[in-house]
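Both complexes below contain chain A, partnered by chain B and then by chain C.
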Partner chain A sequence: MTPAFLKLFRIEFRRQWTITALVTPLLFLIIGSLIVFIPTPYTREFNVSQKLLQLMGFLIPVVSAFFCVGLVDNDVKDGWLRTLLVRAIRREEYLLAKSLSALTSIWVTSLFAGTLPLIIGLIITKMPIEFQVSQVLALYALFFAISLLYVSILVFFSCWLPGVVNVVALMGWGIIASALHAYVSFFLWDSSWAVFTEQFLFPSGFFDAVDAIQNNTHVPYIEILWGMASLAFFWSLSFWSVNRIQVDKGSE
Partner chain B sequence: MHQRQNIFAKGAAIVCAVFFIGSLAVDYWPSGSSLTWLTLEEAKVSARASNRPVFLDVYAEWCTPCKQMDRFVFPDDTVKDLLTRKFTLAKVNLDDPVWGDSVKKRFQVRAIPTYIVLSPGGREIKRHVGFFEKSAFSRWLGDDQLFILSWLGFEKARAHAAQLDKRLVVLVTADTENFEKLNSLVEIPEARKIIDSVFVPTVLIRTNASDEGFITQLGAAKTRMDEIIVLDREKEIGRFVISPDMYFNQSRFLQKLRGFSGNLPGTRRGGGPQKRISLNSSQ
Partner chain C sequence: MRRKKLLPTPEILAISVQNISKTFRPRSKNPVQALKNVTFAVPKGEVVGLIGPNGAGKSTLLRILLGFLDADEGKVALFEHDPESLMARRLTGYQGDSQFRTPTLTVQTFLELHAHLLNLNGSAKDNIDTLLKEFNLSNASNFSLSSLSKGMRQKLELVLAFLGTPRLVFLDEPTASLDPPSVFELRDFLEVRKKTGVTVFFSSHNLSEVENVCDRVLFISNGAVLADYDMKKRKRGFLEKAFRTHLMEKASS
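Up next is the complex of A and B:
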């Protein structure tokens, strides 16, 4: 990490924290508190992993979308990328600094809005507490990987799509993949080609690993391998795409 | 073509390719099993001879949860011990051109993996659909204590009811997947007290070929809903569907059951309009 890269990272991080971005964690905190404190029926214990899953399962995609709207495209439009490139900053450095700052912002917000209600909940709950340290740490690590995946996809999309469309495209993709998954599960569950194809509609390796950890079924090394493959795939696409952007004309 | 160096892109693409090929190889590599599996037909013959129930595994090569069961659950010592000690093991590949379709139709398989326990005579006793965690699977395999499992077969129950001058309560269900849930209802202390004192309970399962005739004669709803039909001296005195909300609001189930029980204990009055049902014992 060069001093120029670290400086760029600090600048990018500061640029993300606009007035709106400063207020938004409070909104997420309220939502997070609702998730933790609204009692669910038939719950007889305060299960930390389950609460964490509910909180992060909601926060990570929403916060990622919030911080990654038009991530690269906005910089091309307002001339920021051009300014950086003429100062001998390499495109890869720009992309890494940009992604790292987005990731840091996502985790600052998610930890604030996701973990704070959980700690308060742990202190004030009168129910018996179910808390497995290894399970909770594994879930945090997997959610970190999921946020990294979201950032890589959104960076890739924003190299090619204008403004907020990168987030809309990701949401649309997720919804269509879920709908097709449900369709295959109900109507084509006995078709080998449909089940095989459906597994590649959305990069779900890390999500499957979260399921395995949460349900304590097995050590999800295969799921993590799939997750790593999709993560590397989208990072390679992002690096390739950022090198194809023409700063004066937008993407080719 | 751009002349810029895409070193990061190339590096990430190579990493992706390595992970992708690795995942594909590990995930779709055939998972071996140290258990001895028979075909369903072989297992039926062996089960009759040894008087042991059949454990039937309906799977497919492309089914991820099936592979996970093979990889993580079946090799477990407790599971392996239970399976080999208590059951005759049978495996049917859903894609098998000979047995796949017939097993799917015969047992109304709707998802894989499906695990079915059959009596030595071939009647379905219980089933589970989907991945099973090791300890849950062992519990499920070893659990013969369900109240429903102690119920007599239909014909025996009918004869028993006539002999004891009790009402016959028939639970009609699509398959045994819901048995544990259903059992949680009929095992509520008050429900059990009513059943033990007033009724002779029995269960008819749609996937059992021998039950089909009785189900048709009783005119059970042709849905997947579980239904209770109450007979008094072979006349129907009422029926109700076990709706999902009854599992949460058990008093609704008790209320229905009490409605057909007359005045406890043992009297046989009450119930709705009576309908004579001809039950042909030759079925």
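Up next is the complex of A and C:
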């Protein structure tokens, strides 16, 4: 990493933390606290993995959408990308700095709003605590991979769709993904083409791995490999897209 | 033995444009041919103006020269490099009209980022300070980018264009939002820079400004370069007369 790249990363990170962005973690902290402190019916223990799953399962997609709205599209519209690309910087470097800064912001917010209530919950709970370090660490690692996947998909969408539309597209994509995953699992599980297409266009590998870890069924090597493959696919799409977009959308 | 006759080394052109054409929406019912077989060359150290009516193709030409847009046909080179290459970008500066209003960045931080991207390292601070002073922006160095007035933004874009030691600078309507004293300062600044051998490509609607600053002027209309004037021997007001003549010819045709 060159000093210029690091500087660009720091600047991109600072650009994301506007006043609205500074208030957001507090808002998410309230929602996170509600998730932790509202007792789940029929539970007689404080299950850390279960709480973590509920917290991160909500926070990661929402926070990703918040920090990645119009990630590339806004930079094209307001001319920020144009001022950068006049310099000796590759589009890939720009995308990398941009995505890394978004990822950092997502994790700063998620750790603050997701882990803090969990720690407080652990301290004040009167119920017996169920806590497996390896399980919790594996869940954190998988949620990190999921956030990487969300950023890559949102970057890809934001290269082609304006502003908030890319978040709407992500929501639509999420709904289709769950429906298709259920359909393929029940009816087309023996068709390798259906499974292959579903895993790439609507990847569920990391989510299946989270389920496997949470339920302690098996070590999800295959699921993680599917997740990695779709992650590579979406990052390739993002890099391809950022090299294809029109930097200057001035009048024709 | 006969001595070899020394051939003069061919001069490297700052800008070389050969037969470029560009059509927007080529497959639609109403395709817009923005540029038609445009050819011209700009030697090093020249200040060249680009004038023409609205919709003539000035912005498209500028976007192609900067590598933001690909021409359908023809060849463009900046110092013999492709405009999109990192080598060409190291040699060029650009003043545009960006609209970003980032409240969390100051003018100083923004310029420091560009100094980093230009690998200015040790000389960055001096370079930034000198340019801020030349454009009367020293007091605004700690202003956030969202609090700048239109004129200040224009000056910041000019600072950005001349940051580092660009050999070729593209200026797109550089005086559009400047007050008269700032226009005079820019004129003096360009005079000084011209002496250092920097090439300037200047697109503007302000004919008197173009006349004051440029060595050569290209007149573009309907996507074609209609005239290439050498401004060294021209009298004041020449461009306005020429512009009127072109418009009348266009109307009569």
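Everything that follows uses one rule, which is that the second predicted complex is superposed on the first by the 226 of 252 C-alpha atoms of A that agree within 3 Å, B and C clash if a C-alpha of one lies under 4 Å from a C-alpha of the other, contacts with A are read in each partner's own complex, and residues count from 1 in each chain.
FYI, contacts are C-beta pairs under 8 Å (C-beta built on N, C-alpha and C of every residue); 3 or more make two chains touch, one makes a residue touch a chain.
Keep in mind it's a predicted model, so treat the numbers as computed, not measured.
S.K.: Which partner does A:L100 reach: the first (chain B), the second (chain C), both, or neither?
M.R.: It touches nothing on chain B or chain C.
S.K.: Given the touch rule stated above, what does A:A229 touch, chain B (first), chain C (second), both, or neither?
M.R.: A:A229 sits against chain B, while chain C stays out of touch.
S.K.: Who does A:L201 touch here: chain B (first), chain C (second), both, or neither?
M.R.: neither
S.K.: Which partner chains sit in contact with A:V164 here, chain B, chain C, both or neither? Use first/second/both/neither.
M.R.: In the superposed model, A:V164 contacts neither chain B nor chain C.
S.K.: Using the touch definition from the top, say if A:I11 reaches chain B (first), chain C (second), both or neither.
M.R.: second
S.K.: Taking the superposition on A as described, I'd like to know which of chain B and chain C A:R244 touches: first, second, both or neither.
M.R.: first
S.K.: Residue by residue on chain A, keep only those touching chain B in one complex and chain C in the other, then list them.
M.R.: On chain A, no residue contacts both chain B in one structure and chain C in the other.
S.K.: Which residues, counting only chain A, touch chain C once they are in their complex?
M.R.: Going through chain A, the ones touching chain C are 3-4, 7-8, 11, 14-15, 17-19, 75, 77-80, 82-90, 246-248, 250-252.
S.K.: So in the complex, the part of chain C that touches chain A is made up of which residues?
M.R.: The touching residues are 24-25, 32, 34, 59-60, 63, 66-69, 86-87, 89-90, 92-94, 96-105, 109-110, 112-114, 116-119, 160.
S.K.: For chain B, which residues count as touching chain A in their complex?
M.R.: Chain B reaches chain A through residues 2, 4, 6-13, 15-16, 19-20, 22-23, 26-27, 60-64, 68, 71-72, 94-95, 104, 110-112, 131, 133.
S.K.: Can you list the chain A residues touching chain B in their complex?
M.R.: 91-92, 95, 185, 189-190, 192, 195-196, 199, 205, 215-218, 221-222, 225-226, 228-230, 232-233, 235-237, 239-240, 243-244
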